Amino acid sequence: MKLVIAVIRPEVLDAVQYQLQAVLDEGDNYRLTVFSVDGHGRALGEIEYFRGQPVRQRMVRRTQIEIAVNDEYVERTIDAILRGARTGDKGEVGDGKIFVVPLHECIRIRTGERGGDAV
Amino acid sequence: MKLVIAVIRPEVLDAVQYQLQAVLDEGDNYRLTVFSVDGHGRALGEIEYFRGQPVRQRMVRRTQIEIAVNDEYVERTIDAILRGARTGDKGEVGDGKIFVVPLHECIRIRTGERGGDAV
Amino acid sequence: MKLVIAVIRPEVLDAVQYQLQAVLDEGDNYRLTVFSVDGHGRALGEIEYFRGQPVRQRMVRRTQIEIAVNDEYVERTIDAILRGARTGDKGEVGDGKIFVVPLHECIRIRTGERGGDAV
Amino acid sequence: MTAFPAPLPLTLAAAGPIDSGSTAWMLASSALVLLMIPGLSLFYGGMVRQKNILSTMMYSFVAMAVIGVQWIVIGYALAFGTSVGGWIGWNPALIGLVGLPHDQLFADKAIPELVFVMFQGKFAIITPALISGAIAERVRLSSFIAFIILWTTCVYCPLAHWVWASEGWLFKWGVLDFAGGTVVHISSGVSALVLALMLGKRRDYPAGAIQPNNLTMTLTGAGLLWFGWFGFNAGSAVGFESPVAGTIAGLAFTTTQTAAAAAALVWMIIEWSHHGKPTSLGMASGIVAGLVAITPAAGHVKPVYAIIIGAVASLVCYCAVRLKSRLGYDDSLDAFGVHGVGGFWGAIATGIFCTIPGLSGLITGHATQLFKQLAGASIAAAFAIVGTLLIGGLVAATMGLRVSDRQERDGLDIAIHGERGYHL
Amino acid sequence: MTAFPAPLPLTLAAAGPIDSGSTAWMLASSALVLLMIPGLSLFYGGMVRQKNILSTMMYSFVAMAVIGVQWIVIGYALAFGTSVGGWIGWNPALIGLVGLPHDQLFADKAIPELVFVMFQGKFAIITPALISGAIAERVRLSSFIAFIILWTTCVYCPLAHWVWASEGWLFKWGVLDFAGGTVVHISSGVSALVLALMLGKRRDYPAGAIQPNNLTMTLTGAGLLWFGWFGFNAGSAVGFESPVAGTIAGLAFTTTQTAAAAAALVWMIIEWSHHGKPTSLGMASGIVAGLVAITPAAGHVKPVYAIIIGAVASLVCYCAVRLKSRLGYDDSLDAFGVHGVGGFWGAIATGIFCTIPGLSGLITGHATQLFKQLAGASIAAAFAIVGTLLIGGLVAATMGLRVSDRQERDGLDIAIHGERGYHL
Amino acid sequence: MTAFPAPLPLTLAAAGPIDSGSTAWMLASSALVLLMIPGLSLFYGGMVRQKNILSTMMYSFVAMAVIGVQWIVIGYALAFGTSVGGWIGWNPALIGLVGLPHDQLFADKAIPELVFVMFQGKFAIITPALISGAIAERVRLSSFIAFIILWTTCVYCPLAHWVWASEGWLFKWGVLDFAGGTVVHISSGVSALVLALMLGKRRDYPAGAIQPNNLTMTLTGAGLLWFGWFGFNAGSAVGFESPVAGTIAGLAFTTTQTAAAAAALVWMIIEWSHHGKPTSLGMASGIVAGLVAITPAAGHVKPVYAIIIGAVASLVCYCAVRLKSRLGYDDSLDAFGVHGVGGFWGAIATGIFCTIPGLSGLITGHATQLFKQLAGASIAAAFAIVGTLLIGGLVAATMGLRVSDRQERDGLDIAIHGERGYHL
């Protein structure tokens, strides 16, 4: 099992969810946890104006999603995210990253069942 | 060392903390980091009304907690969370998940000490 | 590759970023994701007053940062965080923790490139 | 029954001393009506998504800025200048008010004409601001500005003249509109609908589009609107009595309060029985619906009828906004559903319940007034629709009405205004 | 010294012309008092947890809707109809105000009676709204509605008659209550306490229960209350002078401003010396405490005494709210601690400092007035307590007072109103 | 042209009956001016970072509490007591207003003097509150309190006497300041600048320091300021006509509305052409700039000139705030850039455009008035600067002006007030 973590643009969350729904065979029950985060990287922060003075935000608003999946689903999950989160075909600076972390165990609180089935 | 990550209902956080306090022998100093997140899964979002029109929220409000523990504590931590976070005895859809991630290293910033003692 | 997770005081974020910028050879493009979280540990919550009645907050406001780095960068990243996040030379209760999680894979959404280069 | 006569020839100042009481009330009323505009911006601003909150509030503030100037420069001259055959006012001396001495009294009222200019000016400001509710979250700011300048000049000013000037043809014919149900609410409501149809739906309507970012703002806005509306309605006694702060003003104040309360109550009951959740947005909507409906009738009906007028207002408006989801057009914040429909009901209700001063409506057995009200409302609506089609079409053709899809996605606050509402 | 006489037989309209100045001020005052209710909803709303913010604000808005109608239908008739032995007013012609011609003047004042109806109506609305502060975050909306309808009809209206109607027995006996310290604040304060005790504590009181979600709202609410209170107090000159906008109104305005400032200052000093942190909530609380305390005395004392009245108000109210944590009852937002206690102090202070018009209090060596004030306040409190016990008990027995534990846990906003305050 | 004469010897009460209309308007105006202070706290509060929002709002509320008391105790006596050679007022009987009978009328106006005391008191409160904008996010609360008490007593009161009392030397010399452009805005603006320089920059100015936490509050505040300003300016007709609610009041109301609208419009245009983003903060700033600039001229110029005055105000203020970033001092919220500069322009504009009542400015070919305006503004500025240097220096030496670096880092809300603005 793996924990797929992706930092994406807030505005593409819908697109990513749409893609996930297609690949994770759970219909509309695909599972996902969403964080709103601030990011720093190559992308520049938004410019806001304060009485005529441009102020560049030092952070960019990003959304982080976490998806725990079984190993055989990792690749298609990644592809789904790539499809949904990339700007245009080329992509743009700021599109974000996907991190895959090994998952030692997974428990469904409701039932207490563990491992792959619980994901 | 493991990093125990649990997605729970916001309203059970108190109960979960109460349970954790019992098992982690740190008295009221049990350590924990809390995120407020949006979740998607089998549970349905809240229904809100906008001028007579029911609007089903596409996400549910959830709380994610992270607890770094030494291996011997993992099980009792999980059990504590299960006790605190499960709705009724049967549990209900939406009760959430627990993910256990291997922890490579842990450092206490204050002292710089590492490993198990730092957890 | 590792995912370095640190829970720090909100007010030291600037200092930490300053330190990171020095060690991660990306100039101002050093990469980082920031969460605002609530923490519980040995540090006591803030006292607020409500009509003369002191109310101790049960949680403390903390900031969590995540940095994915290649293995050779882990140590200097940790050191940078320690330099930036420790209060005074001795450190104070509440300074927080650093957790290092193994990173199985890393993908840059923009380009799709993987592994070390993508970090 | 009198109305707002065209000002006397400006050379000779009106005789008679000033009445400080009437002037005090008209000054207060004018201030109250101005406050309705920030109130409206809160009412609307709370209902949109966070990414558009500033932009939505700005439509109202922009109206204060733009129409605030337009009214002094040309608006008042067109609406209340010497009548040209009852169709439009005109008086070169009133351009920029240059020819209006500050000590000129207004008609047969013992108040300075400047105070009347101000009072009326606030109505001219709020009307286009109301329209913004239907097109929020997607209309271009520059196009909105162009539109409201043209609309106020070519639609609102003539309409105000027809209905309120003593020479206005609808007024002379006997159409009643005590405080602007027709001139303000019907005209803005139907224009809002037309623009909403021209603009089309928001990119992610309905689901995603409905997520009020801050309902406490909406409630507060409704409270400020209720407060300001006392100036709106009770101040409009200026058309019917002297001294102005008199019995008609007191009546208008009473019916306004009563209709708002009754409408809020009924909207709550409807929601409760309909889906079991009496919402705060419903409370706010009921308040506004009741205030809209009583506006044309405020000084003409007995307080007890204000209860009926308010109650029915919530009923019809609630149905109207529900209908929207059926018909599927996207009137973002129900400017038409509340102001258009509520205004129509108000015009009809005036024809049914009016008895004061010395009037006779359906309840006293005369259908004529009701007929005139229907005619007046329809004419005003038709005129506003045509005007909006022309002006909106012109603006659409020249500058385009809608922001780019990307701007709409990112939110108008950052895309157009270069700001974020909150940094929490 | 006069008061609000029972209206003249409605057949003959009061003689004499209308005074536009007095009418203008009473219209403005009535509007100001209405604004206090949204102000109160902000004041209260900011103090509760986020999950209950809409529900807490709604209690005030619901009062506007429900009592707004009740007052027209029956309330005014009961409070100010022809007196039945000084115990209650009654006048069938006033039901729905159907028999009240709009041009009827009020008593010997040159203002329309409808304006007086409105002014008084706002007092009837805010009083039950004040009660909601003690029971917020757990009372059922439907039960609250039932309660305030019965309470206003059976407790408030008689009390208003006793104290304010010219035939009212407490009034005739010489109890002073210039603008409602007894009728509004004591009655609501003690009733709030009784209800809080009946309801019991919030499920997670105290710790978790104290987390004001938005103190900027509370500060803003306090500001609006201060503003509206000028209408509340200075408008109450209607009971004591004609023209109304006269020297008593000016005095009441001055003492109101002064007491509020002094109380805010003293509350800040107390907190500073007590725990070193002058809070914004303390500032807001001090403002309200001072306004409450000066209410019964506003038109009766010299400005310099308003400083003392305000200062002492903060002292006693601060102690009262501190005491709460000791006694351990859960008056969520200190409706009793501020309005009950502050109102009592105000009643006493009136007996001590009153000198105007032609009165004589303790400082001028007469203890009688002080005694009457104590008696009046106690009688009003006792009456309100008994009434609340009966009505509250009835509602508790029939519909239950409290939401379910789960609703309370999830928050009343989503559970009762199907909404969330913020979507940030 | 008359002004505020020193009160008559208090023994004999002014003859003639009261004018209820004038009194009604002055009561309403005083209430409106009070509302400006919560409005200001919203306007300022929205612009700072979240960690300082309560502290920033509190500066305004503290001014209400502290100066509210100071004015009754000593302020009014100093500003409007019997003139001592035109330099300062004094009248022992006015200390605590003890010797001022409530039925004393004000000078030749038919209003109670207490109402005039109140109206003027609100001006005394808002002036130091304005200063807080320059020093927000770092000044110590206790030092701020000490400063404003001394500053109001030693700087504001004399200045008000010079410019507004009938014996005041600047007034007698013919300097015009209709509603406080010099007394309120120039004095607070320059003092704000001096304090900002004494305090130095915020620890993380500029970058981090500029992150307005809630621009909806700032917009709402601007709306309340606009509303309240009608009382501020139109109420100031009390200095120039009787009855007060007359043609000058109407004129002042009109020019106020017009200048605010024009300034808001122009600020928007400037931003649009300068960087393409018309901001909501710009809208709010333009509104305030226009209101500031018209203040001294409100009752003296024709409405059409108000358009020019407002437009130019935005121009000069925009440049001024831009300049700040160049010069590099840290006037947190541009108290100087808007109030100081806008006030100066207003004083000059008055000299250029004044024609009413019976005045003659540059446009009518007389440079004298313009010269007097320049002189008056400069003298007031110089006096305020010196006074602030002395008082500020004294406070700095004795208690220190600035919070500790750690308090500033953690935010003043938690560090000083022991609260957080939001718990969302």
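Labels for the chains are A, B, C, D, E and F, by order of writing; each one numbers its residues from 1.
Assume a residue touches a chain if its C-beta (ideal position, glycine included) is under 8 Å from a C-beta of that chain, and two chains touch if they have at least 3 such contacts.
Owing to the predicted nature of the structure, the values given are computational and were not obtained by experimental measurement.
*Asks:* Under the touch criterion given at the top, what is the topological distance in steps from subunit B to subunit E?
*Replies:* The fewest steps needed to get from subunit B to subunit E is 1.
*Asks:* Among A-F, C-F or B-D, find the interface that matches B-E: by residue number, over half of the contact pairs should be common to both.
*Replies:* The chain pair with the recurring interface is C-F.
*Asks:* Is the C-beta contact count larger for B-D or for D-F?
*Replies:* Result of the comparison of B-D and D-F: D-F.
*Asks:* List the interface residue numbers of subunit E and of subunit F, divide the shared ones by all numbers used, and answer same when the ratio is over half, different when under half.
*Replies:* different
*Asks:* In whole angstrom, what separates the CA-based centres of subunit C and subunit D?
*Replies:* 53
*Asks:* How many angstrom between the C-alpha centroids of subunit C and subunit B?
*Replies:* Spacing between the chain centres: roughly 20 Å.
*Asks:* Would you kindly tell me how far, in whole Å, the mean C-alpha position of subunit D lies from that of subunit A?
*Replies:* 46
*Asks:* Check each residue of subunit B and list the ones that touch at least two other chains.
*Replies:* Residue numbers touching two or more other chains: 35, 49, 101-102.
*Asks:* Quick check: what residues of subunit E touch more than one other chain, meaning two or more?
*Replies:* 19-22, 24-25, 28, 208, 211-212, 214, 275, 277, 279, 281, 418-420, 422, 424
*Asks:* How do the chains pair up in terms of touching? List each pair.
*Replies:* All touching pairs, sorted by chain label, are A-B, A-C, A-D, A-F, B-C, B-D, B-E, C-E, C-F, D-E, D-F, E-F.
*Asks:* What residues of subunit D sit close enough to touch subunit B in their complex?
*Replies:* 206-208, 210-212, 270-271, 274-275, 277, 279, 281-282, 285, 318, 321-322, 325, 334, 337
*Asks:* Using the touch definition from the top, list the residues of subunit B that touch subunit D in their complex.
*Replies:* Going by the criterion above, the answer is residues 49-55, 58.
*Asks:* If you look only at subunit E, which of its residues touch subunit F in the complex?
*Replies:* My answer: residues 19-22, 24-25, 28, 32, 49-50, 211-216, 219-220, 222-224, 226-227, 230-231, 234, 243-251, 253-254, 257-258, 260-262, 264-265, 268, 275-281, 283, 286-287, 302-304, 307, 356, 422, 424.
*Asks:* Looking at the complex, which residues from subunit C come into contact with subunit A?
*Replies:* Spelled out, the residues of subunit C in touch with subunit A are 3, 17, 29-35, 68, 101-112, 118.
*Asks:* Taking the touch rule as given, give the residues of subunit E at its contact with subunit D in the complex, in rising order.
*Replies:* Residues 18-25, 27-28, 30-31, 34-35, 37-39, 41-42, 45, 53-54, 57-58, 61-62, 64-69, 72-73, 96-98, 102-103, 111-112, 114-115, 117-118, 121, 141, 214, 217, 416-424 of subunit E touch subunit D in their complex.
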